[in-house]
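Presented sequentially are two complexes of subunit A, the first with subunit B as partner and the second with subunit C.
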Partner chain A sequence: MSLLAVEKLCVSIAGQPLVHGISMSVERGRCTAIIGESGSGKSLSLSALLGLAPGVVATAQRACFDQRVELLANPEARRALLARQIGWVSQEPMSALNPFKTVAAQITEAYRGAQPPRQRAAQLLAEVGIRDPQQRLDDYPHQFSGGMRQRVAIAMALVNDPALLICDEPTTALDVTVQAQILALLRQLQQQRGLGLILVSHDLAVVAAVADRVHVMRNGEFVDSGTPAQLFGEPAHPYTASLVAALPQPQQRRTAAPTPLLCATQLQVWRGSGRRARAVVDGVTLSVARGEIVGLVGESGSGKSTLGRALLGLLPVAAGTIQFAGQRLEANAVTAAQRAALQLVFQDPLASLNPRYSVYQTLAEPLQLHSRQPQPLAQQVRRLAADVELPERLLQRRPSQLSGGQRQRAAIARALACQPQLLVADEAVSALDLSVQADILRLLQKLVREQQLAVLFISHDLAVVRAIADRVAVMCDGQLVEQGDTATLWNAPRHPYSQKLLGAVLSVPS
Partner chain B sequence: MTGKLATSAALWLLATITAVCLLAPWLAPYDPSAQNLLLGAQPPSLQHWLGTDSFGRDLLSRLLHGGRLSMLIGLCATAVALLLGVSWGATAGFVGGRTDALMMRVVDALYALPFVMFVVLLMVVFGRSLALLFIAIGAVEWLTMARIVRAQVRALKQSEFVEAARCIGLSNRQILWRHVLPNCSGPIIVYTTLTIPSVMLLEAFLSFLGLGVQPPQSSWGALISQGVETMEEYPWLLLYPAAALTTTLLCLNLLGDQLRDWLENSSPGGAA
Partner chain C sequence: MNSALLRMIAGRLASAALLLLLVAAVTFALIHAAPGGPFASDRAVSAEVEAALNAQYRLDQPLPAQFFAYLGQALQGNFGPSYRYPGRTVSELIIAGLPATLELACYALLLALLIGIVAGSLAARRPGSAADQLSMGLALLGICLPAFVLGPLLVLVFGVYLEWLPVSGWGELAGDKWLPTVTLAAGYCAYIARLTRAGLCQQLSQPYIITARSKGLSELAIIVHHALRGALLPVVAYLGPACAGLIAGSFVVETIFQIPGIGRFYIQAAFNRDYTLIMALTLFFAALIIFFNLLADLVALWLDPRQREALS
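Entry: the complex of A and B
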């Protein structure tokens, strides 16, 4: 018996159709997943179905909950259902909770049952795996970590014992180990309570781990449907096949130069001032050679980004030394040549490009500063754009007029304009869609091969690091707990933290 | 829709008033300071559209010439405020640390100073002059500008594209000029358009108190001040200058507001 049956759902905003007739169903105790890239209409379809998106027009041949209530025809009944029968968990656990209310107050705000509210809240917190629930009832959201907040948000959705739980990218903002815990929790709830689950995600591995049935969405349509094993094992539709092909695949090893280009010894970096100062990077020894990609993995807050910036001479180090190309590198005395040779690529390409500069201006600026080539500037800019496979017609555009992938290409081109020897890529592909991510990774590998760059690739996405890095360093609480050859480390992690981290990685069945 | 209509009406009205005032020497029907004691104060008539004051001077001519001066003061004092406020705020925000704290405490101290006292003091010490008026008004108006710019610069300084600019080896001066300041141009432009009317109002206020423009020159504020003295006998002497000032200020404020809305919606990360 299907809990939710939707047939030919169409959604439009301001007369423009964005979702074109999708059909899906969810049974009790089962999980249906929608997967697709950003802008494909995944979240929009569900929020339109539930009337959560303002200014959106949704129509459907049938949108029936529990074979009784027509969702679209009956907004009042739908609202009553939202309070009692349907739970919603959104992507950002930070912004989904009200910072001014205690978690107990938030969880039981919509509670309709007979139990005392505090008792109910404590019971739910225990169910979603928060330790000492009685003590944490009066805590505010900021006193919880990201994963814990997502658990609170799930508890909030479960307060009235809903029959259906809708999770919109529930683990995207979380670290891998936390992601594994949240997914285990969802699976457990689904089995124990007989919950119907709708999961929206862009991550194939997450979907493969949880879903019973998967719909692949593209440009407002379901292009492919099936069980995860069918879909990802032997993809029938070309788009599904391209998604699977875009998954990071381990590459053949490169041969790195024998002497390291950059060598950091017993590095210590402090952040904050006065009494709040603490060592964010503590005793790190790391080297990178020309023509190799070194992956740096760890959870958020482990000090990866700080280490990356310190290695570029952007942050002063408290102790230890950095040798770059045989010379000492000091943050307060970086020479012009060193500055040009050490470049950074950021996670969010939109934030890292001046919104008022066209791509041409962005690329011309470092060239004017560092280039000693005789060709005219315009020609150098065009060659640079060609190097990162950025079409010439985009040169006059501003960052806001480019797609995510194009922006990141522009950002990489800006770094290349300085003719760097070492590139630190700080989560450089984390904000990008899967297929775009694959393109950028290919580009980075090409650059390493052709220009003999040394790359420090910082990422929380272990699958990506495994695919691209020659060596991997694992960081935890400011220290490197283990480093080594990628394949060796993957197959036999020695340090308990590496084991835990790698154990949490999900993979797509093939 | 009504907002759009109001904006274009304000724009046209302001353009007309400005043009008419700028062309005062050619458009004004009489010499603004030519007295005709025999005529005395006359209500509006065909010869004198807005009437005459008690010295028989044509009010329309005085209004046009006075508007010229009011606008001149508005623009010049705003330019002073802009120059001082942007450079002070940008320096404090960009350098940060102790310099920032010190520079902003100076701003706080000046904020705390009673404005009228400050101007009276200036006039007493240096005598009354038009240049001093510009400086006095500009010196008060730059404070808010400095605070706005400092806040913007501090926020932009943390942004990734500024870090990227540092990474490619630009100097601090280059970063400030090319990457930081252009990105706070939105709030600066908006606040400037809102400063012009507030400066004109200050000038009117000072002239009303007798501290501003001195006879035989006149500004709208001075005209209003004179009009108030004979308000009961010759109401038109107060009414027309007051209407001119109010209309102009209203138009400028409306345009400033509209400009802010427009910039906030159109520039990504530009305006706050």
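Entry: the complex of A and C
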């Protein structure tokens, strides 16, 4: 007997059909997952089913909850179900909570049970693994980290002991160790309470770890369905196969130049001011050579980004030295040549590219400043676009008119326009779909090979780092706890923190 | 947290004192730079009489001496005698006019807040709908129509043609407070409606609204309990200067409706070169603006936990 049965669900926005008749069901105590790339319509289907997205028209032959309530025919009954029986966890942990209300107020807002509300809130916070729940009841969302906010969101969805929980990318933005805890929590709830779970994700490993049944979604349709073992073990449909093939695969190590291009010794960087000042990077010694990709991994808040920016001379250093190409690098005295040679690629190109510049303008600007080549500017821009495999017809577009992958290519091209020697890629592929991510990783490797770039690759995604990095440094609380050859570190991590981090990595069964 | 708040308030008060000193100096310089004086009226007064008057009010002393003498007295709460209302002190005049002005400002503020927030919320519920276009059209009208046009218009319609409400006065006839209140509130109401609508539209597009919807809350509960708080932040920021403006800027309405408030004194004092009255009223209004801006910032801190965090 299925808890939720959906047949031929169609969704359209402003008359444009986006989801074309998908059918799925979920039973008590089971998990059904939908995977697919961004824009495939997976989140849209579910939010339309629950009436969460305004301006969306949804129709279905049948969308029945617990054999009783037709969800689409009866909005009032659906709202009553949302209040009691159906929990929903949003995709965006950073912005899914109301910034103006305490977490206790938000958790218990829709609570209908008999317990005192604060007691219920504390109990739920404890259940989702938040330490000292009593002390945190009156905290506001901004006082929690991303992972903690996601847990609060889950606690909120569980407040009335729902029968069905719908999670939209519940772990995408989280560190692997937190992800492992949240997935364990979801599994436990499933078993203890007979919770039915619908999981939306683009992460094959997460889906493989939790789901009983998987639907592969593309362009508003389910193209493939089955158990995770069937789907990922021997993918029958070519699209599923291409998703599996796009998973990051471990690579052969490149041979790097013997002398390091960038060499940091006993680096210490402070952030904050007054009483809140603390060393975010403390005693880090790290080097990167030409033609080498060094991976920097660690959980959020460990100081990876701060270290990356300090190595580029963007942040003042409290102690220690940075040598770049044989010269001392100082944040307050970076020469123009050094600035051009040290470039950064950000996680979110939409935020880091000027929204009012076309790609052409974005690329032409640094070329005008730094380029010493004789060719006309337009020709240089086109060659740059070709280097990052960005079609020439996209040069006149603005960032908002590009896809995520195209945007990231433009951001990489912008960094390359300065003819850098060292590139720091800070979570540069974290926001991208799997297939796009694979393309960008291939591009980076090609650039390293052809232009003898040195790359510091910062990521919380260990599978990606394993696929691309020659050496890996593990960062924890501002210190490098371990560094070494990628394969060696993966096979035999020595430091307990590295062991914990690598132990939390999920993989797709093959 | 609390010590940080106290530090912030103390800092603001210190800068307020400095600001008031500056306002006093500039006003003093300006009124003395303007031609004429309190006793240089068109009635022919003999030179001896004028000299005697000037000496009585110490207007014959050098300007810096006058200024510091004034400051010294003002600090003790003595704002001097009015030059044009013989026998009455400036403080007496202000205290006599203040109740009517404050009452008018309070009514206008309440009316503007009530109608502005409700209309803005209705408009934001369905952007582009008839309710939205109607209320935003009216708001535009409210912003465009100055009080000296709207006031007589209302008097003409409701006082003269329909004879529903008295055409002027304050607290003398039943219902005579309606027209001045509406006239003064209209512009503020329109701004509040537009700010509320813009703030709500922005908040309603945030992901946390979807979370609220997923709890099965009604649309009304979502607006009232979730979106309105964030949406009101810009309104609160606007209310700081607006409250001061309601009190200081009511002279047009007071003149139209013959209301015995302090606004009317301000105009008359400027024309009469009533130096002490100008000084006292200017300082009073400056203090009001500073006070209400501080109050608005404190309300914003109370509304927004992230601002509280940033403070400490």
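FYI, the second predicted complex is superposed on the first by the 479 of 510 C-alpha atoms of A that agree within 3 Å, B and C clash if a C-alpha of one lies under 4 Å from a C-alpha of the other, contacts with A are read in each partner's own complex, and residues count from 1 in each chain.
Keep in mind that, in the parts below, a residue touches a chain if its C-beta (ideal position, glycine included) is under 8 Å from a C-beta of that chain, and two chains touch if they have at least 3 such contacts.
Since we're looking at a predicted model, the values are computed, not measured.
Peer 1: With both complexes overlaid on chain A, does A:L262 touch subunit B (first), subunit C (second), both or neither?
Peer 2: In the superposed model, A:L262 contacts neither subunit B nor subunit C.
Peer 1: Scan A:R339 for contacts with subunit B and subunit C and give back first, second, both or neither.
Peer 2: First partner only, subunit B.
Peer 1: For A:M148, is the partner it touches subunit B (first), subunit C (second), both, or none of the two (neither)?
Peer 2: neither
Peer 1: With the two structures laid over each other on chain A, which partner does A:L453 touch: subunit B (first), subunit C (second), both, or neither?
Peer 2: neither
Peer 1: Thinking of the overlay built on chain A, is A:H370 touched by subunit B (first), by subunit C (second), by both, or by neither?
Peer 2: After superposing on A, A:H370 lies in contact with subunit B but is clear of subunit C.
Peer 1: Now for A:L353: first (subunit B), second (subunit C), both, or neither, which partner does it touch?
Peer 2: first
Peer 1: Touch test for A:S400: subunit B only (first), subunit C only (second), both, or neither?
Peer 2: The answer is first: A:S400 touches subunit B but not subunit C.
Peer 1: If I apply the document's touch criterion, which positions on subunit A are contacted by subunit B in one structure and by subunit C in the other?
Peer 2: Of subunit A, no residue contacts subunit B in one complex and subunit C in the other.
Peer 1: In the complex of these two chains, what residues of subunit A are touching subunit B?
Peer 2: 312, 314, 336, 339-340, 342-344, 346, 348, 350-356, 365-366, 369-370, 399-400, 411, 414-415, 417-418
Peer 1: Using the touch definition up top, name the residues of subunit A that touch subunit C in the complex.
Peer 2: Residues 47, 50-53, 79-84, 87-88, 90-92, 95-102, 109-110, 140, 142-143, 153, 156-157 of subunit A touch subunit C in their complex.
Peer 1: Inside the complex, what are the residues of subunit B that reach subunit A?
Peer 2: Going through subunit B, the ones touching subunit A are 159-161, 163-170, 178-179, 182-183, 267-270.
Peer 1: In their complex, what parts of subunit C are in touch with subunit A?
Peer 2: The touching residues are 206-208, 210-218, 225-226, 229-230, 303-306, 309.
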